[in-house]
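We call the chains A, B, C and D, going by the order they appear; numbering starts again at 1 in every chain.
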């Protein structure tokens, strides 16, 4: 596998964007190995993800951003982010007491399914420290008893910035993050909510689903924003239930949904396949 | 196929109900051809549907209800309803302008897939009169211009009672029914809502789904109660969407969901497979 | 809605195709309103669907094919087909005795959901003539008693060619078409098979599914080729079943799958969203 | 939670079975906490699972089997198995090189989601020994180089019998078991096949699925019998794919299906919710 660069682009829709971007890459010997684009007709916005090989590319990687800004982006009023395939994302996992999402993430990391570094796990409970140890990952525990929430979050932010974390995954972390914390990691915190959002936002969604008598339950992964459970949705999945399912059974069935939906979202993020626009996600193929 | 009787039962859970009911039928030569039961452990309620052949049954059909009440139901504090397979339900369909649910229902009726009489279609618009005519069914139109809502509903109730209607199907009927109307047909009005309830109750759910950026949309059929879109859910189904789907595309994909989910609910009702308890449904196998 | 042209393209993958095609359209004032493309890396083939508005397009519509062939296609060894949005496809429906697919198609046609002409229905049984009449469509019946299969097919081909039919939909048509018939309408015959192909190809798939004890059944729509049930798959869907489902119940659940999956395939075909390559389909977004 | 007993029953259908069994339990003060039954009308067979509390039950647990056989089973020609909730099943896991199923099973075991003992893991490759060590479970490796297949299986059988294993889970174990091995553990070996059986039985199903151009892929868990991939199916699930998915992508999506479907099957087995009859499974609610 050769090293590649990835551009994620959005801009007001207009003629010639696609031709200009592909020509820019072609002319400079960038072999395109992936291109996906689409236009939101209602809002007249163009979205694109393009990936090309760097080995023959005429522009040195540290100058690509500057050249693209000058030669293409300004003309079309393009917002873009640029990533390189040899950048290894650095992920932190936040957990509380439930282990299913944590095990699923660590298994994928451990087996090499995901190319990512996981320097630390943070929790508000001690319960999962043995799991962290088993996988050889540092575990930091901040309990409410010993510290205010503000102090806790400040310590966490310092820790995360110190470790150069660029993705925080909340694996059934049962504590609400402050606006200050959330705004320190914009579109870099992925949560799993154990319902089919926007249904049953907030606490105890399986109880609420049982009470309402729905015939299908779901799980939703999303970027965390200041509004609780209202950030851009990345992935959702559902499973059928019936009147014979007790709440305990919903919780059991939900666990499998939660871990798979969360991991799907994290995978898409790691692949740089997600673009956030207007509190919604474009998930490229 | 022999004529059968169906009992739908619920009562406080206690030892011996199942044995007593099945013995009652066995002793009187009622050959059981279907039995499904379950217990809600959390609320300690027993639910059951049992169907048996009438030809050798020792108790005449007009006395079954009385005997069952006296010999079994009182002892266990059982609520029950009794149905016979040779009763042909009488259904009215309410529609507005969209035809997909209407076509689906009339096709099933016309092909003999459903054993039901449909003496009339009621609408608040004239648009679908040609469809009714094509299938040879009486069409009654009440528009807001000529009549108050109260007058309209009173005429409709008189018409429905006159035709001995025992099931009203709202096939994308875009007008809210009054409490008076709803209470005249308890658990006898089935609606299709074009969202995965309780998400996006009320008007324009596809617009709301698009705005929220969900990755799955759904449809929900339910019995109509005084609370809008809050009655007991009978059936739900979902379909995946993505950022490339415009609102028009959601509407298109949703139509197929709506007609199938509504027809599934009507079928279960016609089969006497639904029991309503605490604003939830038990859907027997 | 302005009139548009649609190009469906495939060719060996190489640098510059996308840029060349989009430039060709841009330079000649063709406003692109849709573009979807992808590359099969394993086989190194480029696929694309592009749609643009004709009103300002510099090249007259009758010359587009010639110009595109000369200026672009030859250079990249492109195979392409060109369609115009104001062409109204002409569809024939073949049926036997079951009506659910026929009703579904005629309902969509009748409600204007599909923009298509349906000049005739052909059958090997008389059963569905009343349905055709109800929707005002000519019905031709060829039974085995009165005619050999070869004579029957020759008459059908003459009829279809005479009516300028360019899409044949087999709505549970229970007779195998000869190679001669199939080769007269390449990639223009869509069938629905009542199983999740390639499982349970051939006769009585629901019986076979029940016998095997599968937990999910399906339906498959595909283009018809000389090999029975082996043509390019367009759409598939599934539904869960359990040990309590009798064969009759599989048939009932399957009917809903069949009609929805068949109609989905026909819709994609009518939208010119399907490209066939190597006995597989590319289904554009 | 009180200790319970579970009866799994099947017999020729006839009047009075259900009443007799429930009376037998009621009369002896067995409080029924679960009952699910159904009748296969086509084959006239009655199936049932009943679970009751032991604390007040009049018959000592070691005599239940004898009493039930004498008083009930003989009369109705019932085949039954009896289980107790305090029996802790003993499971062995067979793996080759892929870790996703192994991680999923060990995570559930480690978190207490499953109440089961896992005394050993057996493999034909050394790759996953570190995973076994991480979870503190004995790992035995038999490679083809050092030993014939017959010797290997004899050693494995001795090991499994020595450890009193009563469930063998093949977590993507890529070696065919001999008839001798399989017949030593009837309905006690659960495999996961990476396709929607019966489609794509045998080797390389993802390659075959890609070649055939299916729009949905699946995974199937089943009991292993002498016929390869033809044993009774326990659970299946599917996921949508499209023409943009490479074989590598099918493998990636399939991994999640495989682990969830395998674990679902194992869970049902551990719960004593599965009855095998005529190479099919009855999966109680």
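Here is the rule we go by: a residue touches a chain if its C-beta (ideal position, glycine included) is under 8 Å from a C-beta of that chain, and two chains touch if they have at least 3 such contacts.
For clarity, every value in this text was computed on a predicted model and none was experimentally measured.
> With residue numbering as the guide, point to the option in C-D, A-D or B-C that repeats A-B in over half of the contact pairs.
More than half of the contact pairs of A-B reappear in C-D.
> Could you tell me which pair, B-D or C-D, is linked by more C-beta pairs in contact?
Greater number of contacting C-beta pairs: C-D.
> Round to the nearest whole Å and give the separation of the Cα centres of chain B and chain D.
38
> What whole-number Å value describes the gap between the mean CA coordinates of chain C and chain D?
Chain centres of chain C and chain D, defined by C-alpha means, are spaced 42 Å apart.
> If I count partner chains per residue in chain A, which residues reach a count of at least 2?
38, 41, 244, 285
> Where on chain B is chain D touching in the complex?
15-16, 18-19, 22-23, 26, 31-39, 41, 240, 285
> Note which residues of chain C are touching chain D in the complex, please.
Listed in rising order, the residues are 38, 40-42, 47, 196-200, 212-216, 218, 232-238, 242-244, 246-247, 279-283.
> Touching chain D in the complex: which residues of chain A?
99-100, 103-104, 107, 110-111, 113, 131, 134-135, 244, 252, 255-256, 260, 263-264, 285
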